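One chain, chain A, appears in both complexes that follow, with chain B as partner in the first and chain C in the second.
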Partner chain A sequence: MIMRYKFEIGCVAFLVLAFILTQLGLNRFFFFAGFAVLQFIMIATAWNILGGYGGYINFGTAGFLGVGSYTSIALIQWSNVSIVPQIIAAAALAGLLGLAIGYFTLRLKGVYFAIATLALAIVLETVVNNWDFVGGAAGISILPTRKPELLGAVIVDRKIGVFGNYKEFLFFLIAGMTIFSVWVARTIEKGKLGRGLNAIKDNEEAAESMGVPTLRLKLIATTISGALMGAAGGIFPSYLTFIDPLTAFNLEFAVYSLAMPMIGGTFTWIGPVLGGLLLGTVQQVAIVTISSELNLLILGVVLVVFVTFAPHGLVGWFMKKN
Partner chain B sequence: MIILELFINALIAGILLGGFFAALSIGLSICFGLLDTVNIAHPTFIVAAAFCTFILNANFGIDPILAGIIITPLFFGLGWVIYSLYYQFFEKTSAEALRGLAFFFGLLFITEVVLIISFGVDHRLVNAAYIGKSFGGEFAGISVSVPFRLLSAFVVAAILTLGLQMFLDRSFFGRATRAVHQDMMALSLMGVDPVAIKRIAFAIGLGTCGIAGALMIIVIPIEPAVGRLFIGNVFAIVVLGGLGSISGTLIAAMILGIAESMVSTFFGPSWAPAVSFTILLGVLAFRPTGLLGVGDTR
Partner chain C sequence: MSEPLLNIDSVTKNFGGFTALSNVTTEVQVGERFGLIGPNGSGKTTLINCISGLLNNDGGTITFDGHNLNGMKAHKRTAAGITRTFQIPRPFHSMTVMDNLKIPIEFVSGTGASQAAIAEQAMSILETMGMAEKAHQETSGLTQIELRKLELARAIAAKPKLLISDEAMAGLTGNEVDEVLEILISFNEQGMTIIMIEHIMRAVMQFSHRVICLDAGELIAEGKPDEIVKDKGVERAYLGV
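So, the complex of A and B:
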């Protein structure tokens, strides 16, 4: 009985651990870096739902994240909407974007989807550059809400709140979202959708002729994947407190979201978690030790090396050994 | 009348811009259209060539177009190496769909970061007698001005693309490349090594980056990340033209050039990057075989 639910138990245990960490009054940098790593895991997991299981590469991670970020900013600008509705709206909009892009390009060969998503980030950046309501090209500063409340309880306050400061609250929030994403990915992987996507990845024509509704499965996967990325982007403005189009639509996100599952292993949910944990930690360490350009160069080289020589990632490597 | 004047000037600029776009896309039209290698790093290699042109021009005072011709063999060699690797690790094991794309994406990113580390993110320009001047005049009450930098790029681009088209249409090698595109199996049964032909064709495609890079730095100031702006353009052009059709590429480049120029003139230049994407999505959704209907996108 317990063995059957060990994944779910692990999820709850992790969430409890994350909550305890926020209550210990640790250095704020810990939550700042921890947030970044967890967000990376979430992005990698979201990307892998379509890229790893279905074999359709999405280069537009930055676009989906950016849509999420700017949905939040637009809501804050409009009437100071609080963070949870921000994230939900961001996920909904990014999911719709995924559905739309998928509807236009997923009936064709996979490369067209990839190319369209690559161009997507640039176009969205153009739109935001021309949209002064959300700050335009100059960017915008976000002030966190004072004493936010949820269901009557004060969430963030030094004395009476559940969390001592905003960074701790955001850390707990992203921990919950990451857990949720991993759970979604695992559920998909073990279920009918995952098997269908795998069939598409192996041989789309054969899958289609066996009665797998390929287009529908791909669209569902793109929508879920896009929505999770949008949620990860929706929380971003509150974390950074300043955002401009260059940050929100940075190509680095695309490289990371590709590299993390590729390095971890794309065929199972552990792969992106492992890759995200690894690259996220390396990035946080690299920021304070070596220059960020050098870090990116290493990232690019590692991506190419893994793609070329270790196509099943670290997980595949370990599995072969056992 | 002012609208008409704007329109005519935008049209002329658009046609010239279209020629420049054709030079950017012709290499990709060979690599992607004829050989099915989705080289998404193509625009970034063009930027790398533009920086090579910048070095030759700034240090030795070599004319940018001549510099472009000088570095072309370098990019031909680069293409040779890249295709050999690509074939060895991806195409041979038919893993090109997912991993091959990721490979080119990695190359794109590495190239960009190396350029940022070596040159910084400043905008760079070249010097030549024909840059910064323009000729103009009045025709039937409408004043027209043509910048020389666009005109010179247009002339070189026209020579490049028409020359390549003639070469691919008339020469034995060009026909062999088309044969690879149509049926690789048949070709190897005829005793021809299709991989050798693809390798040379890919190297030619990447070789065009040399001249295209020189034209790029003549037309616009460059910085390492500028290649991304053109990813949408070049793929929109190749797909709109129909995969594997060189003449289709030329027509599509003209259409995109005119469209971008019109949008820049009437809605503001900051909207220009959206044009290519809209065209790309529209073509993929409604006419995936391209204008001339020769492509195979399924």
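So, the complex of A and C:
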């Protein structure tokens, strides 16, 4: 009985741990770095739903994240909407974007699909660059809402809040969102949708001929994947407190979102989690110790090593060992 | 005579300026074993693609079991009761043999069934095909005949009314051909209508109730196997004179 709910118990245990961490009065940098690592895991997990299970390489991660970020910014500018509705709206909009992009581009195979999604990210960045309401190319600073409340309880306050400061709150929030994403990915993987997507990845025409509604499944996957990326973007402005199009639509996200699942392994939910954990941690260490250009170079080398020696990622490599 | 199961009426398919099928008209009866022959490049696979929905015909109408298939998506046609095999096997290579069969069962013939029931159905088909001991193998380790049998088994798993086999026997030895023939005939006896495309004349002629021959996209002969064998046009098409 307990074995059957191992995963769910693990999720709850992780959330409890994340909560306890926020109550220990740790250094703010811990939450800043921890947030980044969790956000990486979430992005990798979201990407893998379409890329890993379905075999469609999305190079437009930055576009979905950016739409999420700027949905939040627009809502703050419009009427200081608080963080949870920001994230929900960001997910909804990015999900719709995923559906629309999917509808127009999923007939494109392989590299053409990847190029179309990359183009999307660039187009969206250009739009935001010219939209002054959200700060345009110069970017925008946002102030976290003072004393946010939820169901009557003060969430963030040094004395009476559930969390002592905003960073701790955001850390706990992204922990919950990451766990939710991993749960979604795992549910898909173990269900009919995941099996259908795998068939599409293996051979799309054979899948369609065997009764798999390929277009519908791909649209569901792009929508869910896009929505989760949008949510990961929606929380971003509050975390950074300043955001500009260059940051929100940073094309490095395209590289990272593909690299993390590839390093971890694309065929199971554990892969993106491991890859995200690894690359996220390396990146946080590298930011402190070396430059960000060197950082990308290291990533390149790591990717080449993995593609050559562990084509099925860490998960595949471990499974072969046993 | 009762309504045909499949009605192909003046079907035409062009690839750019090239006409791969030109005004092909024929019909397949319920329960029939139907042979489709013709030299390389004569349009056999193209016709199958038009029936199964991977291609859309440019002209003419295909009707199946009372449904007009024009414009219908391939997976809907599979749900309506048509499945086909691929001339070059296209297994789901990241899955085991068993999981390959589970796809059409889960999506077509056994939608809503429990995983255990789906596995049971898959296993029973593998047993009839003599592949039970391969159930949990990856497809990458399969031999040529095993791959061809998997192709057939996966199509049969969708429980089609009409099974279209595109050269399921190419490259097989005499004994293996007999083995596959026996399997197909036994499914036909359980009520499955079968279209067989084959270059191995002995196999098509032995199998079919009726045969048509395509040449350069045109239907040049239609009849009982013994009539087709004697047909001068068919002989010319194959000898290229």
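General remarks:
Methods note: the second predicted complex is superposed on the first by the 320 of 322 C-alpha atoms of A that agree within 3 Å, B and C clash if a C-alpha of one lies under 4 Å from a C-alpha of the other, contacts with A are read in each partner's own complex, and residues count from 1 in each chain.
Everything below uses one rule, namely that contacts are C-beta pairs under 8 Å (C-beta built on N, C-alpha and C of every residue); 3 or more make two chains touch, one makes a residue touch a chain.
Note that the structure is a prediction, hence the values are computed from the model and not measured.
When both complexes are overlaid on chain A, chain B and chain C end up sitting side by side without clashing. In the overlay built on the shared chain, the residue A:V123 is in contact with chain B alone; chain C does not reach it. Judged by the touch definition given at the top, the superposed model places A:V111 against chain B, while chain C stays out of reach. After overlaying the two complexes on the shared chain, residue contacts for A:S209 are found with chain C alone; chain B is out of touch.
In the superposed pair of complexes, A:V301 makes contact with chain B only, with no contact to chain C. With chain A as vertex, the superposed Cα centres of chain B and chain C define an angle of 70 degrees, given in steps of 10. By the touch criterion stated above, A:E293 is placed in contact with chain B alone, chain C being left untouched.
Once the two complexes are laid over each other on the shared chain, residue contacts for A:N198 go to chain C alone; chain B is not touched.
Of all C-alpha pairs spanning chain B and chain C in the superposed arrangement, the closest lie 8 Å apart.
Judged by the document's definition of touching, chain A residues 201 lie at the interface with chain B and also at the interface with chain C.
Taken together, the chain B residues at the contact with chain A in this complex read 38, 40, 85, 89, 95, 97-99, 101-103, 105-107, 109-110, 112-114, 116-117, 225, 228-229, 231-232, 235-236, 239, 268, 270-271, 273-274, 276-278, 280-281, 284-285, 288, 297-298. Residue ranges on chain A touching chain B, taken from their complex, read 51, 55, 57, 59, 101, 104-105, 108-112, 114-116, 118-120, 122-123, 125-127, 129-130, 201, 251, 254-255, 258, 262, 293-294, 296-297, 299-301, 303-304, 307-309, 311. For chain A in complex with chain C, the touching residues are 192, 195-196, 198-199, 201-203, 205-215, 267. For chain C in complex with chain A, the touching residues are 52-54, 73-75, 78-79, 83-84, 86, 90-95, 99, 102-104, 106-108, 154-155, 158.
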